[in-house]
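First up is the structure itself, then whatever we jot down about it.
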Amino acid sequence: MSTQQPLLAVAGLGKSFGGLRAVSDVSFGVMPGEIFGIIGPNGAGKTTLFNCLSGLLPLSAGAVRLDGRRIDGMRPHDICRLGLARTFQIVRPFHGMSVLENVKVASFSRHPSSAAAEHHARLALGRIGMAHLADLDAERLSVAEMRRLEIARAIATEPRLLLLDEMLAGLTATEAAALCEQIQRINAEGITIVMVEHSVPIISQLCGNAIVLNFGELLASGTTRAVLADARVQEAYLGSALS
Amino acid sequence: MSTTIFLQALLSGLTNGAIYALVAVGLTLVFGVMRIVNFAHGEFLMLAMYGGYLAFTFLGIDPILAVFLVAPVLMLMGYLLFDGLIRPALKVPEINQMAVTLGLSLLLQYLALVVFKADNLLVTQERSTASIWLGPVLIQMPQAIAALASIILLGLFYLTLRKTDLGLIMRVVSQSRDGAALSGIDISGTYRWAMAIGLGTLGIAGPLMVSALYVNPHVGQLFTLKAFVIVIVGGMGSFGGVLIGALLVGVAESIAASWLTASVAAAVPFALLILVMLLRPEGLVPAGGSR
Amino acid sequence: MLRRFLPALVPTLLAIAGFCFSLSDPYFMEIFIMVGLIGTVAVAWNLMAGFTGLVSLGHSLFFGIGAYTVAYGQVGFGLGPLVTWPIAALLALASALFIGLLCFRYGLRGYFFSIATLAFSEVAFLLVSATLWLGRSDGMMLPSSPETLRYLQFDHKWPYGLIIVGFLALTLFLSQAFLATRPGFYWRAIRDNEGAAEALGVPAMRYKLLAFGLSAVVTAIGGAIFANTFAFVDPRSTLGVELSIQLLVFGIIGGLGLLWGPLLGAALLIPAGELLRTYLGAGFHGVNIVAYALLMIVLALLLPQGLGGVLAARLRRRAPKKQAAAGKALAVEAAP
């Protein structure tokens, strides 16, 4: 297991806006098949990190490798074709399209013909338990359903690695539990997952390994248990959040 | 090209540039504060020019004094325009906003055509033909007055923006609408004032320009386009950028006019825009403006 | 299959009916020609504006490229439409790709993109107005020739009407073929949220250029047909900003989210404008434009989906169960 090559390898990633450093010198590796957690308070640079990984923002420093191949500097759609998909924290379905059509946009990247794209979009909706909502106007969905639509769109691009950006924020406990189960099922089907999350209990429940970001810097990394026990983490983030 | 001709072109370019700056600065203010491009900006200049012409022809008021009549009228128009059209337009998609102000531009142009016909009108007085020698080069009196007034006004405008509470509020709103609303600033009120001042500057420029330039119903369109070019060349939203952009456009245009045909010279501002797009793309997007 | 092409088929059938009706009177035929020609160009413009979110205010550039290629091709080299139309299409494609690449690479969006396109068309307008061998602002007449078919010169207007019916049908079916498949989905995704679309594997740059190129080629063919139909081109009517604004007017009034929306706009406004002009006389030249402008302002504010959007919603509601899907297909809903 330890000789295996990481699916995602981030080395010395830095990103600054003008003079402001949002992320600096962040390194970590994600092994194939795991659920990997990224924890940190608001403004810790988690979303910026995701934007850098998925190619929406150019890096200021460092390198990102997917399965050994450099992906930093590539366009987002090329990164997506190589097997890295992501969801967005602010969910906004494409306007005027049904649930199915929203997912179809994503499956077109693997299946150019309309019929095949539609078929695979339906499969993706089925995997996330939304098949019965296919023909609904996507804007009529509830918040929890929109989150699942985000995941359905992302898995319709047939990724190897899925980045989930705060999927559980603002959901009720029941909705969150159901979504956690779905995330685990997707992972069991062979998709490696990196998730940014606020809630420590959820991270410790789902993720074997995790990193903690604080003010754009890597505070700790390792097994989730070890990371959460780290004194600096306790002090910087958890102490204030949990006490 | 001899040095004298060059200097002459440079001088008339700079005087034109000063006037362009005054026209463009109102457009920038409105865009900066409420993120809406007013395609009818030039039509209000056209109305102000007619205002100056009518005041002179029917009331015998000198264009310089007419400013005190026309500018308040234009400010009032801006005030009313905000509540009548711009406020509802802020709620519809961007393409519909474009349709609204383009529609207004057409409306004013063709209403003016119905009322004033297509004739070219100009205020001519004794001083119209007078001119001043500056060393080897010559400047027409009406141009000199308009340029001088523009420079004074731009200075006043700058001071308003920098030193007054209203100016501060406008700068805050243009940086963050939500942040301003959270700190209790009356957003609609600020928008209304921006619109009033934006058009008010035209109320000053118009009467002064009508002694130097013919007015007809379509004269505004040309100025709107030039103002766009100036604003984009100057980096959309910065006061200094507009000044530089305006002088650049004015000078490029008048130097081109001194050795090209008028029609080719008219294309120069747009060619300049394209050149800037190619060479200085970072000058185009406002800092923190669009996503 | 048939249902998918309903939004193209119904307007085509209506256009054929309109053509047959217009055979009765040359004046009607002239109006029909303008509606069909400008309406079709507006449909092409809307592929960018309504479906991809790229509002061009410089489409007259491509119309002018088409018109002047035909005119100069015949005047200068004696070339007929068989040669000049493809050249016009290629020139328009090349200019669209150049302008698009320039604008998109530097991230021009929204108003900035519109103003940049306007600037390009204005440069062309001014330069052509100053170019001696293109007839300056006086324009160019296409010399008449006895070779009817080679130069598409007919004694009557109706053969041009027939050509325009074909142009309209081809454009509608081609556009619908794009809209119903991958490009259409990608365009709408880009219009809505370019970043999210790219993250889902949409090569945004390529598909924006596709929309721009396709739209420009159809517009240039429109310009080419214009030149052959009227045997005359001049900068104001083929390169002027008025033409570009007209496309926006038709789109806003007819409905930007619909394939046939701009066509509806043209079919309502061009005859209405003619009517106004006839009744008010030539003395009130500006009145029809005043009416246009008022209508555009009011509809842009109060009816953002346009008249076509209202019509489509009504069709969908009225349609009995069996045809409900057809009604929906007719209204490929995609308001911006």
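Per-chain numbering from 1; labels A, B and C assigned in written order.
To be clear about the criterion, a residue touches a chain if its C-beta (ideal position, glycine included) is under 8 Å from a C-beta of that chain, and two chains touch if they have at least 3 such contacts.
For clarity, every value in this text was computed on a predicted model and none was experimentally measured.
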| Among line, ring, star, complete and other, which best matches the way these chains touch? | line
| task | Average the CA atoms of each chain to get its centre, and name the chain whose centre is farthest from that of subunit B. | result | A
| message | What's the distance between the Cα centroids of subunit B and subunit C, rounded to whole Å? | response | 32
| query | Distance from the CA centroid of subunit A to that of subunit C, rounded to the nearest Å? | reply | 43
| said: As a quick test, compute the distance in whole Å between the mean CA positions of subunit A and subunit B. | reply: 49
| Multi-chain contact residues (two or more partners), subunit C | 336
| task | Would you tell me which residues of subunit B are touching subunit C in their complex? | result | 37, 85, 88-89, 92-100, 102-107, 109-111, 113-114, 221, 225, 228-229, 232, 236, 261, 263-264, 266-267, 270-271, 273-274, 277-278, 281, 284-285, 290
| query | What does subunit C use to touch subunit B in their complex? | reply | 49, 55, 57, 102-103, 105-112, 114-116, 118-120, 122-123, 126-127, 129-130, 136-137, 241, 245, 248-249, 252, 256, 284-287, 289-290, 292-294, 296-297, 300-301, 304, 336
| query | Which bits of subunit A are touching subunit C when the two form their complex? | reply | 54-56, 75-78, 80-81, 85-86, 88, 92, 94-97, 101, 104-106, 108-110, 112-114, 117, 153-154, 156-157
| task | Quick one: which bits of subunit C touch subunit A in the complex? Just the residue numbers, please. | result | 180-182, 185-186, 188-189, 192-193, 195-205, 257, 333-336
